[in-house]
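There are two complexes below, and they share chain A, which is joined by chain B in the first and by chain C in the second.
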Partner chain A sequence: MQILYAVAALGGVALVFGALLGVVARFFTVESDSRVEAVREALPGANCGACGYAGCNNFAEAVVEGKAPTNGCIPGGSGAAAAIAAALGQEAAATVPMVATVFCLGDKNKARDLFVYDGIKDCAVAEKYGGGFKACADGCLGLGSCVRACPFDAIAMGRNGLPVVDEKQCTGCGLCARACPRGIIKMLPQGDQGHLVLCNSHARGKAVTQACEVGCMACRACVKACPREAIAMENNLAVIDLAKCDDCGKCVLKCRPGTIHPRREKGAAKNAPTAKAAASASA
Partner chain B sequence: MEKLLSIIFIYILVDNFVLQRFFGICPFVGVSRKMETAVGMSMAVVFVMTLATLATWLVYTYVLTPLELQYLQIVAFILIIASLVQLVETVLRKISPTLYQGLGIFLPLITTNCAVLAVALLAVQEEFTLVEAVVFGIAAAIGFSLALLIMAGIRERLEFAKIPRPLQGTAITLITAGILSLAFMGFKGMLSL
Partner chain C sequence: MGIANFKGGIHPDYRKELTASLAINSLPIPGRVVIPLQQHIGAPCEVLVQVGDTVKVGQKIGESKGFVSAPVHASISGKVTAIGPYNHPLGRPVEAVTIESDGIDSWAGDLKPPGDLDSLSADELRALIREAGIVGLGGATFPAHVKLAPPADKPIDLVIINGAECEPYLTADHRLMLEKPEEIVFGLKVMMKILGASSGVIGIEDNKPDALRVMRQAVEGEANIRVAALHTKYPQGAEKMLIYAIARRKVPSGGLPMDVGVVNHNVGTAVAIAGAVKEGKPLIERVVTVTGEGVARPANLLIRIGTLVSDVLKACGGLKEETRKLIIGGPMMGLAQITDDIPVIKGTSGILALTDPDVDLFESRPCIKCGKCVAACPINLVPTFIAQAYEHGMLERAEKLHAADCIECGCCAYICPSRIPLTQLIRLAKAEILEKRRKK
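== the complex of A and B ==
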């Protein structure tokens, strides 16, 4: 008899709550647009904020309301854009996949420090402290703010104190570029084609040579060497126009500090992270 | 009145749910990384604990006790808390989307929080009256929130501290929690029911 009471009592409580839930669900239904859910499904779900919205949910709502473009999700790339467009029954807009590129070669051994910095391990803080501890005012401080900003584990600190981008993992969201207080990381269209001047220094030639072995000293040798006029000097820094560069490599031969590198020579080859460095960066 | 005040004081400071009774360590470690999420979680816990104590007390007193089914309390309470959270979520979503957004994922997460179940069980075990039980629920939730917010404040500062590598992450969090708990031991014996 006792067991019947138990079953009846618990069953009764469950029934009451179940009925209550059913009634409440009926009276308090919120009309939700099923397309939001469909768009949400198509997104990577990293909530990185590269689209300009707080998270994937907000972006999905904005897309359905027509406030955001279907190709607004940068990490999702063309795959997500196509899926979103399909969910909304629209044509997919084209996307250009981007990749983060570190424009500095001045690692611990090649770039001189002004003083020993022993403060908070954060680039933005170090930058505020006496203008940074490096002799070069535009070079990588190597404290890994970009590594911590990356939601996709695509950047690791290299053995020499420079960040290395894993281009397979990089979704092009650009959070690292925003995290860098010196603007050393730039977003480029994905690809192997073209050469790059891997330096961010706008200082004059002599100052650059004193601060760093591999900085662009604005000697213009590469500008003269380029047969296609793809290289221009911008504020004491050589900049290669990727649209014009045809990978002839003549500038590389003329560059005395060795700042110019072809893009197909990936960061991993120049500055491979050790397993230990990668582990500590992720910890 | 005096008893109500002492319940409030005891369960916020003396018998703090997290730091003295060690309930709800999971959210305590899990969501104390940022102040913002800690505040969201605290609000959700206050909300659910109060309602849960009320509902479980009523069911225990008017359903389980007359039928002499007190041994079913854990099963019954889990059932009640889970449905209650679901109910609150549905209603909130309609009535106050802002609050719903603010509580976010934490509301459904609390369904399986041991601190909430503990409040329900203790309220019955201590033989509180209905008013006392509800006040107890609120006080326990505030105590939980207090511990969570203190922890979040400390951890936000720890982010920039130089912590020896073997102690980084969860290790330093647990050490901090231990020291915090020691500090709260100072209240021990100040007051009891």
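== the complex of A and C ==
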């Protein structure tokens, strides 16, 4: 018999609170835009912050209010952009999928250190001590700030002390590029086409050769070799215009330190024989 | 009376015996000096000379209009050969004036005593000290005249002369106390006159009994000056520790010694002030301890400001091959250098060369929450929490934990069994917090 009292009491309490909740839901509702929800559903939900907003929800609100573009979610790519545009009844804006690229080949064995750094293992901190411990003022310090910045596990520290980008995992969010105090990581449109000068040094030729075996020493050999005038010298560094490059590879053969590589080479293939090595092998 | 002490701190291996018994020698005048235009905390100086000018010893070559600043003077006579950025012990190149010596060492004008202590007013004395370019010679290089000009609502009743010299290895202050006790007492009297302070105390760690004896003799007959023996412990010479140990006054968080009626100066500063008032001599030289197991002939040297460290080391027989680390200052708070091509500046108290096994490279391990850093922190912070907050990007939390009050003494990092670079992390947090406050 006593159990019935308990059931009745609890049931009564439940009914009272249920009614209360119903009343609250009816009279105190916050008007929310259903489109925000729809936009959020279309987002990857990584809360990476690459869009510049605190998280996916924040970004969704901004898109609905018209403050952020529909293609503002970089990791989401064209899929997310199309879904967002559909939810808002707009035309889908074009997206260019990006990928992070490390513009430095000066690993532990190839770039000289100035002194032994024994401080906190963070690139931005190391940069503060005497301008970094590498002889090259623009080269990768290899302490992995970019690896820690990546929310998608797309960068790992290679065995030779250079970060390696997993291009399948990379969403192109650009957080690693922002974390790098030396601006070595650049965001490029995804793809295999074209060649790249994998160096970030703006020092003069002699200083570069003293600091690193594989740095661009601004000798202009590649500029002269290029039949399509796709290579320009910008502040002691050769830069290849990807729109003009047709992958003929003539610059690679002329580059003495072996700084230029075709983009279709991935990871370990970048350590393939260079012009210098090829020349000495054939001699 | 017991021996003055404070809570916390550490007992490192002092190793002062390398140079403690060596009298101060003058280093021969170098062929070239490089005088940075910023050797103090505050506004950098603007250069007053041009390339090709001939300068004389004591001639002012840099001056700033800012109040928190100190002029710089030529330390040798000769010709200005270059003006431009040069390596600096603080890490980043700083504008500097290079002077090639003419070998004559002639002074600018005649050195005249500006008057005796009784005839000069407090304002005249203060101006004299500023003109002489005197800064805190303990290493912090805060302009001396600024400390001697407290606002009117903060009366000063006590002047403390810091002869603790708690940094391991360094003996420059120790030797000054043994060799120039009268100058130190005179300098103290100048400060007391400027500030209208009723008493002066010279604090000396009790591992220097000879200095205690000499200084006690020197203050005999002075009614309001006494010498206090301090417990030998690092960081006894940090101003907040020193004030607490001697006067039992606690400087409030974010406050300065003047908030508790105290002004603190190093013995080297007192000697420099005595030189300026007695002889009208600007700050062109200082005593530097050149020491460490890596130096062939350790020494206490009187060195002209701007002398290159490489020249100093050459005069001391050079560095031994097994040297692993070159530090400017003491081993606890000094800065490791990447080159010896840097000038001795006003704040250079020591040049220290360390060898194996004192230089050890290590990886830090996770915090085991042992609390040793908490016990060692002389200002009662919780170093491990601050460092963790900073590492996780929680700057507000680090600020709430009083990271900005850290005196960067290094006790926490020294004592940590997991070898976490606590001091370094807190320094970074502190720098970011101060940066944020400046922006507001």
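Assume the second predicted complex is superposed on the first by the 267 of 283 C-alpha atoms of A that agree within 3 Å, B and C clash if a C-alpha of one lies under 4 Å from a C-alpha of the other, contacts with A are read in each partner's own complex, and residues count from 1 in each chain.
Keep this in mind: a residue touches a chain if its C-beta (ideal position, glycine included) is under 8 Å from a C-beta of that chain, and two chains touch if they have at least 3 such contacts.
Model, not experiment: these values are computed from the prediction.
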Three-chain arrangement built on chain A, chain B and chain C clash or fit: clash
Chain B versus chain C as contact partner of A:Gly131, first or second or both or neither: second
First, second, both or neither for A:Leu20, with chain B first and chain C second: first
Which of chain B and chain C A:Ile120 touches, first, second, both or neither: both
Broader residue contact with chain A after superposition on the shared chain, chain B or chain C: B
Which superposed partner A:Ala6 touches (first chain B, second chain C, both, neither): first
Which superposed partner A:Gly249 touches (first chain B, second chain C, both, neither): neither
Touching partner for A:Gly52 - first (chain B), second (chain C), both, neither: neither
Common interface positions of chain A, toward chain B and toward chain C: 120, 125
Touching residues on chain A, where the partner in the complex is chain C: 114-116, 118-120, 125, 128-131
Interfacial residue positions of chain A with respect to chain B in the complex: 5-6, 9-10, 12-14, 17-18, 20-21, 24-25, 28-30, 120-122, 125, 280, 283
Chain B residues touching chain A - in the complex, by the definition given at the top: 59, 63-64, 67-69, 72, 75-76, 79-80, 83-84, 86-87, 90-91, 93-95, 97, 160, 162, 165, 168-169
Chain A-touching residues of chain C, taken from the complex the two chains share: 91-92, 338, 361-362, 421, 424-425, 428
